[in-house]
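The next part holds the structures, each set out as structure tokens.
In what comes next, chain A is part of two complexes: it sits with chain B in the first one and with chain C in the second one.
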Partner chain A sequence: MSIETAISTEDALSMLAEIFEEPRENIAPDIKREDIEGWDSLGELSIMAEFDERFGITIDTEALDNFAIVDDLLQVLKDNQALSDG
Partner chain B sequence: MKPGFKQSTRLLAKRLGCSSEQMLEGFAPAQAADLDQVIPWRAENQPEELPAGDRDYLRWRYNFGDNTLPGNRKSFLWLLKIKGEILCMMGAQHHTLHTSGQNLDIAYPLDLLVRKDLNGSGLGAWINLAIQDKYPILLVIGGGTRDSARLIRRLFRAMPDRKTWKLPVSTEGTLRRLLPIAILARPISTVADGLLSLKRGFHRGTWRASGIHLEPIERFPGDIARLTRNWPTEDIYLERSADFLNWRFIDNPGIDYQALLIYRKQQLLGYVVYHLYHSLENKQMQASIDDLIWERGGGISAQQQRLQCILAASIDHLIARKARLISLASYGDQADRTLQQLGFLRRKDEQTFSIFSRMADDDYLFQPERWYLSNAEAHGMNF
Partner chain C sequence: MSQSVIDGCRIAGIATATPSHVFNNTRDATGFEKAEIRKIVAMAGVKQRHVSDGSICSSDLCLAAAGDLLEKLQWPRDSIDGLILVTQTPDYFLPSTSCLIHRDLKLAPHCASFDIGLGCSGYPYGLWMAAMMANNGLKRVLLLHGETPSVFTSPQDRATYLLFGDAGSATAIEQQPGAAPWYFNLQTDGSGFDDLIIPAGGFRQRFSDDRRQYYLHMNGTDLFNFTIKRVPPLIADTLSMAGLAVDDVDHFVFHQSNQFMMKHLAKKCKLPAEKTPLIIGEFGNSGGPSVPLTITRGVCAEPLSQRRKMMLLGYGVGLSWGAGLVDLDPDAAICHRELEGPCLTPYEPEE
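Up next, the complex of A and B:
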């Protein structure tokens, strides 16, 4: 398993759309958690798995529970230097 | 995109403050000694109030300790316990699926419950993955909440929904609820009920002329499974042995099911299982047809006619028992046309049906036109 160093914001949003099983156009930084049907417990587990596997990022689970918008997830990637244009 | 079982275990173990090994070792079927811990735990963590008799339900459903049900079928309530504390649970009811001349062992997941403070933690998804790791084929059928239905659709492969139908006998209760001026309900319903009755009268003539008669039974006879012997080999349906039917319906501790055998002269044509209940919403007695199996020998037209007679006779029986609305859930096109001809209307509350399989060459499982399912395969506290 190779760990990616960084991806673009556009690729990150596509990745999140795939995780939440939503059309890409429905995922943008300002979209609220409650407006994304797939951001449920399986969605959270999938985010944790994808961030861990792809970037080696361990998300603090308490912080994850408090995330309110898509941008909170992008911020995790940014804080871990996993966003190339962030 | 769903995460793998091992990876989910590792991530959740970290979240729960234990090791992956502890999670895997702590995931095991409940034993008889667990019942005293399981009962209060369920009462505390069930989102809605549990019906009375949960202990009877659990004993009937899982037969803790032996875990063998009549017909030699297994049933397990899997618990995740860490340091002696139950974190979540899910049942798995084994059954036999018939298709193409072969029998497949399958299981139904049911009774999923996560400790209240861990809701949303991913444990609900994890225990589904853990059950998928244990069984090669799983079927999930039923309603559930919108959230649980969405979770199941993403963890399993969703099939077209199971259709639910209703046959209004008396429209007054519904009209009284829907009309802005309640006093109009009676005169309008008198006309509507008269038209419905005329339509039923036509079908009554047909089934009576066919020589059909119904026989209420207290237990299913040993040879009941022969009713499906002429079903097309490509059809997929669950085994209905007398052992299963008596356990599932007659010995059910929660619902008072009634069963009817249907004969033409001395020939057994089919059976119907139903239960009556008082609808608080419509303030009237209603009936649910929960299982319906009929002999399928002869051509398509003969089969349709037989089913129509069986259903028409059953409807008259239920009306005589004061049912004012009759509902039925089915999966499979065989019955759709007949139900429409008899005046059944589609309800909005369709029920989900999803499959998990890691069998090779399993494409046939995902062909909805091959399936026949009734309420017999729907599991959970309310069934």
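Up next, the complex of A and C:
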């Protein structure tokens, strides 16, 4: 992970809001997966593509199946040094 | 790594056929919410699909394409030494469907005929096999590749039902001493065999009380990771085998898996949009035959004015993936047709 591609938590939440087609205020670390309409199989593919394209991160699909809240996605960015303030 | 260089072959022509019946995803799909359909159509890029009503099989589509191609090439039937049918939607488990097509094409007994059971990766594999045969004494080989995936998707499964169309193809390959070499790169990862599978109906589970077991099961997220892991190195390695760069190749002809995936791949591999023709909007994902269909309907939408270098890319069920880097001459016969109904002589069991 090159340091230039790392983004702030705020920007990461905005990115997720855009992918899930939700207003920014509806996306926070503790929001549950089932409360986000756009977090379906198509939404997952969009996240996988975005993480690959922007950060070179491949998301483990078994882990993805078990993600329950938005913070699980932030954690993937953090684990890959893609959060500048994480 | 399974890399192979084959000298001295040419593609004399490519013909394709699709069912004439068009299913418009936005207009005709029922059982899903409109917003859901719009979202799927936008992502997969499939506006419409040419689909069989169940009566048209891969054999019919391939037979129609092969008949058109032989007519156009004026190849005598007894000049064909080999017939390969690549399909995962055969008419019967036995005999090989290639034998039925051999009969209806009135090919000679000296023509070797067999089926190959591959799907999305089938075209580069089939072309490699045909070119090997043409290079080993079989002067002229017909490669047929057909699938009817729309028939094995469940109307209840939104992930697959709106995606697939049906198509058949025939590619004529012949010896041409002195022709430029073709490069092939063919690979497999059987650990992902269940990422695309029809669990019942084969000999492991011939019958099931659960009808869903007879339909395609697809693991979309695993397939995504497979594709981004395998296809970019496949393209890079095949270019490197041939000592070429992206600029030296006229067309990267992808198996039309889904628009989202193909655009992601093209971006990742820095392939210009004009080099990666997309026909998925009109035909859907027709499995491996989407590669020759993209040649007849995309690459050759306008007649070619000069020789084109094409990288043909298949990837998916198996998991299996492969690339073929080949040339297509402007004098190659190219045609496409729509098929109204079955054309193979039907099997009528004796009473």
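In this section, the second predicted complex is superposed on the first by the 82 of 86 C-alpha atoms of A that agree within 3 Å, B and C clash if a C-alpha of one lies under 4 Å from a C-alpha of the other, contacts with A are read in each partner's own complex, and residues count from 1 in each chain.
By our rule, contacts are C-beta pairs under 8 Å (C-beta built on N, C-alpha and C of every residue); 3 or more make two chains touch, one makes a residue touch a chain.
Source: prediction; values computed, not measured.
Record, for the superposition on chain A, whether partners chain B and chain C clash or fit.
Taken together on chain A, chain C would clash with chain B, as the superposition shows.
Between chain B (first) and chain C (second), which does A:E44 come into contact with in this model arrangement: first, second, both, or neither?
A:E44 sits against chain B and chain C alike.
Is A:D71 touching the first partner chain B, the second partner chain C, both, or neither of them?
After superposing on A, A:D71 lies clear of both chain B and chain C.
Look at A:E18 in the shared chain and tell me whether it touches chain B only, chain C only, both, or neither; answer first, second, both or neither.
Only chain B is touched by A:E18; chain C is not.
Taking the superposition as given, does A:T58 touch the first partner, chain B, the second, chain C, both, or neither?
Both partners.
Hey, is it chain B or chain C that touches more of chain A?
Chain A has more residues touched by B than by the other partner.
Is there a shared patch on chain A that both chain B and chain C touch, and which residues make it up?
Overlap of chain B and chain C footprints on chain A: residues 41-42, 44-46, 48-49, 52-53, 58, 61.
Could you list, by residue number, the parts of chain B that touch chain A in their complex?
Chain B reaches chain A through residues 1-4, 7-8, 11-12, 14-15, 119-126, 147, 150-151, 154-155.
Which of the residues in chain A come into contact with chain C in the complex?
Interface residues on chain A, with respect to chain C: 41-42, 44-46, 48-49, 52-53, 58-59, 61, 64.
Of all residues in chain C, which touch chain A in the complex?
Per the touch definition, chain C meets chain A at residues 39-40, 43, 159, 219-222, 224-225, 228-229, 260, 264, 267-268.
Under the touch definition given earlier, write down the residues of chain A that touch chain B in their complex.
18-19, 21, 37-38, 40-42, 44-46, 48-50, 52-53, 58, 61, 65
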